[in-house]
């Protein structure tokens, strides 16, 4: 099968304000297949966000190469959608306008179909009443949901999500997870999903990339053999519980970052 | 036993930019005892952050009354420390200066003891090498840890923490939890802790306040009979697992926000 | 009562100042050729007749507004160019500083000689005086956009022009308006300076004419009208901001 | 090579402009009393002798810097008062607009007659011209502090003065410096205007005196020195910012 | 009608009343001229504007034209003299004891920065044997002069006699009386304010200039005969002017227009000797070589004959 995203021996070093250097990534090799759902887990500061920024083309690696559809990434590309770790909403736009913003920003106009879709997504994230509010009037979790809805409005080939559910309660989180799976099923795409929840990673992914820190590198890549479609029942599947424990043990056996 | 924090029939209504009104809280009664560790859990947008802001005196309730040590709260008070939902670091200060900032800001100077304590805390949050970096050079989870360290530097009677561990991986999260318990044990204080993790709430708290949304109100207050001191073993205690399941069922039986 | 007092505080203070002024002039016997009393100013103003006042005020305001609009039309593209390219910024900025720090009165003869004695040199002078704060403040606003919003735009592969129009410009609105407020008063001052250099009518001309014949009350009446125009235009800019960009007022997004 | 060209781009453009100017004056036969050629300006400058230039430049720069410092000393407390209390803001702002939009030349007699013809009125005039952008921009910066940082400060129960010194002021540094850059050039212009009103030496005086005796090249030499001083002072302000507040340069915290 | 732009050297004060009289009485129209009046900001400004073609004709001090000629090649000629005496004067309070230049020692005098009187001052003092260094000079904006004199901030100011009436007004408010010491008293002689025309006009449209000159002479004569009407005519064009002051100002300029010099050589003419004397003052005050300018080359007398 053809690779959609390739990271070959990627290293990333940042120069810091105090004159020091921060080695964020070292020798990272990653090869993601078409329409694969991959999760990244790893300790805080191991370089997960950095990997997403490298794939999106927002950042150029200091060594190694990042390719998408086989082409070296030198700048952001059209087929990528992104959920940032911070909600990153535009404070002067209403919630609805924030959701349709990618269309406005990319193409200069928002079609009626997109407006309708935005309202659908608003419903899905449970904020139907908040369409005309400003981001500043939402709670942290609400803002995060708006930024997820924004990334789902257009239908990119590659979706990069940086801890999208971190500020959500368990219930909302599960709902959003299943919604995401449904959308991914309907319109397959390659998803790279950063999370700190092993359950979440297992529930959603085809493969889980386990990283470690200082310097950030890939420790292990785990295949998730759970059958699809996944649903509430998956959460009680013995393989699920077993794998969750295994990964937890693996993660906890490391030294902390 | 005397109450440290009292919320009596507290309601909070926000006027919104689109002319509408958002009822954030309605008829909330809460009475917290001295040196109690209480967690707030509830769906996104149910008013957890609002409750913290009311207790801290940053916000005045639109109805009802908030009292601390029996006195109505009309403005922020000295004995309160706070971890905000967003890290809220000062971008122009180094990490160490951010940690000692409360002292600088409150008293105009930082003692040597406090400097030493700041370095200790830096070690504790696993960022010993990052003391002279700027917040913009840290990952999301690192920033969050810095803001936790900042709240722990001084020793307030009341500590309000808004989802302090949301951006941390499981390992770091557990470490930080145990550290928090250790500190709370050494220097007892009343802690109000917002989280979306039922496990975390169980591990840490004396009582768990379960909230529901639209409008935000208190659904249930659950006593946690797990013995203290709690540690890794607590996580495998059958009461722990049982309660976690019970609460999950209770939470999941609600309609979503 | 309290709220009312606070609402009309500025008007109140204004009236108090006016009365104090009148009393001081009357009792301290301040000579009219130094500081005329408000009553003297009012009667001098009435003496000239409304039609003539209108003519002078219209001349000045036309120049001020034309210069202001040209300044805005110049400053925005300049601010954008500066923030867009460090090279352009290095080339353009020193020249802007050169223009800004050139005392216009010194080069006014060149301007008048080159552009003739009509309204054109006056508009040019006004523009030269009013545009620098606009450029500097807008450029700062455009450059201050949080990195994450720029990354959002870049990740969407939006054209730079959309990045400017939909992200940087809205973000810079409070900066822009802060400069628009400074500049509108500078535009009025600019028009007056231009009239000092070459004009046959206008409030600035009237001030020059009256002070040089030591008829200070008329000059003060013209000054009052000028200041009033400034206040009204300043208020208008504020009102526009409140109307068009209500979110930009308490800044701090 | 490319990088080098980009580094010295502004110097290069400057030299090109200078050469073009010289050529145009020579070949288009522009009369010297309108626009003297650079060569004529240089020889006029040499004619006057360095001691004399130093004297004039020192006089102007003293006034400009004194006025600038006074403006800063006035503007910061004013900006703080304005952001601290809406009532004060409503009372103070209109008066600032009034002062800002008053053409100084119009009130020159009052200033000179009240304060005498020494350096004091010159400093006052310079201050009046330079301080408004400082107030407006600093006030904007102080008010733009993100709500969460203010909440942090409030939750710490810090005194308002600490809130200003440790949170609002640092946050406002980019705004302050943007205004400091505008104001330093205004201070120079202000000193020149003040010398137009009353002075026995200084570059502004020299410009006025030379143009009235048709020594336009000398006037231009004075102008050039003035602009050069402006550029140097502007560069100094930038350097200070880079030195003292390196984090404030690319703004967008 | 032929269009002609007339450049004044300052604002439309009383001394310019005859120009407006010419307009209102139709003298220019009779000659088929349609004139536009531009105000100016000093003699050098006026000379520059005529030189560059912003205006065709105008008025300025002859010394300004001489200075201009000494510094550069200006295409402007003086075509008619208006003031055959220099208008510069020392203004003091009558109550002060200043009767002569000698009395100025130890005193303070204010003068406008850009006035040509500036340069003349030391020369006049020298001629009268007064030590320049003993007099404190303040250079300020013209609008500050009368108030400073009235308030006693200075002991004297240097102005043209034509602004005397405005000073009388101001000093009157301070219960003071004005004393005027014209510099002619101290030996200053030469031509002052003159009518000028651009070389271009002289070359391309000489008969237009001829007609303009005719109208101008008529206007001056009319104004001298009817100062009150001339003041009204000025006010018709410049409503903010005060007719009474304008009339007084113009009247105080009549002795400069019509006096023993103009009687002797005829109004408007340039006597070669007096012309040379004028240059003598300029060259001394500005440190020019005596032969730097040939004053004869700066005047064109060919339009004086009717």
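Every chain is named by a letter (A, B, C, D and E) in the order it is written, and numbering of its residues begins at 1.
To be clear about the criterion, a residue touches a chain if its C-beta (ideal position, glycine included) is under 8 Å from a C-beta of that chain, and two chains touch if they have at least 3 such contacts.
Fair warning: this is a prediction, and the values are worked out from it, not measured in the lab.
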Chain whose average C-alpha position is farthest from chain A's own: E
Contact pairs, highest-scoring chain pair: C-D
Geometric centre distance via CA averages, chain E-chain A, whole Å: 84
Rounded Å distance, chain A centre to chain D centre (Cα mean): 50
Intercentroid distance (Cα basis), chain B paired with chain A, Å: 27
Per-residue multi-chain contacts in chain E, two or more chains: 48, 52, 143, 147, 151
Shared interface positions of chain A, touching two or more other chains: 17, 86, 134, 136
Where chain D touches two or more other chains, by residue: 34, 105, 109, 113, 147, 196, 208, 211, 247, 253
Complex interface listing, chain D residues touching chain E: 31-34, 105, 108-109, 112-113, 116-117, 196-200, 205, 208-209, 211-216
Touching residues on chain C, where the partner in the complex is chain A: 148-149, 151-158, 162-163, 166-167, 170, 173, 245, 247-248, 253
Touching residues on chain C, where the partner in the complex is chain D: 6, 9-10, 13-14, 33-35, 87, 90-91, 93-94, 97-98, 100-107, 109-110, 113-114, 132-133, 136-137, 140, 143-147, 174-175, 178, 181-182, 185-186, 188-189, 192-193, 196, 204, 207-208, 211, 216, 219, 222-223, 226-227, 229-231, 234, 250-253
Contacting residues of chain A [partner chain B, same complex]: 14, 16-18, 20, 22, 41-45, 49, 85-86, 94, 126, 132-134, 137-142, 144-145, 163, 166-173, 175, 196-198, 248, 251-252, 254, 256-257
Contacting residues of chain E [partner chain D, same complex]: 42-44, 47-48, 51-52, 64, 67-68, 70-74, 110, 113-116, 118-119, 137-141, 143-144, 147-148, 151, 153, 286
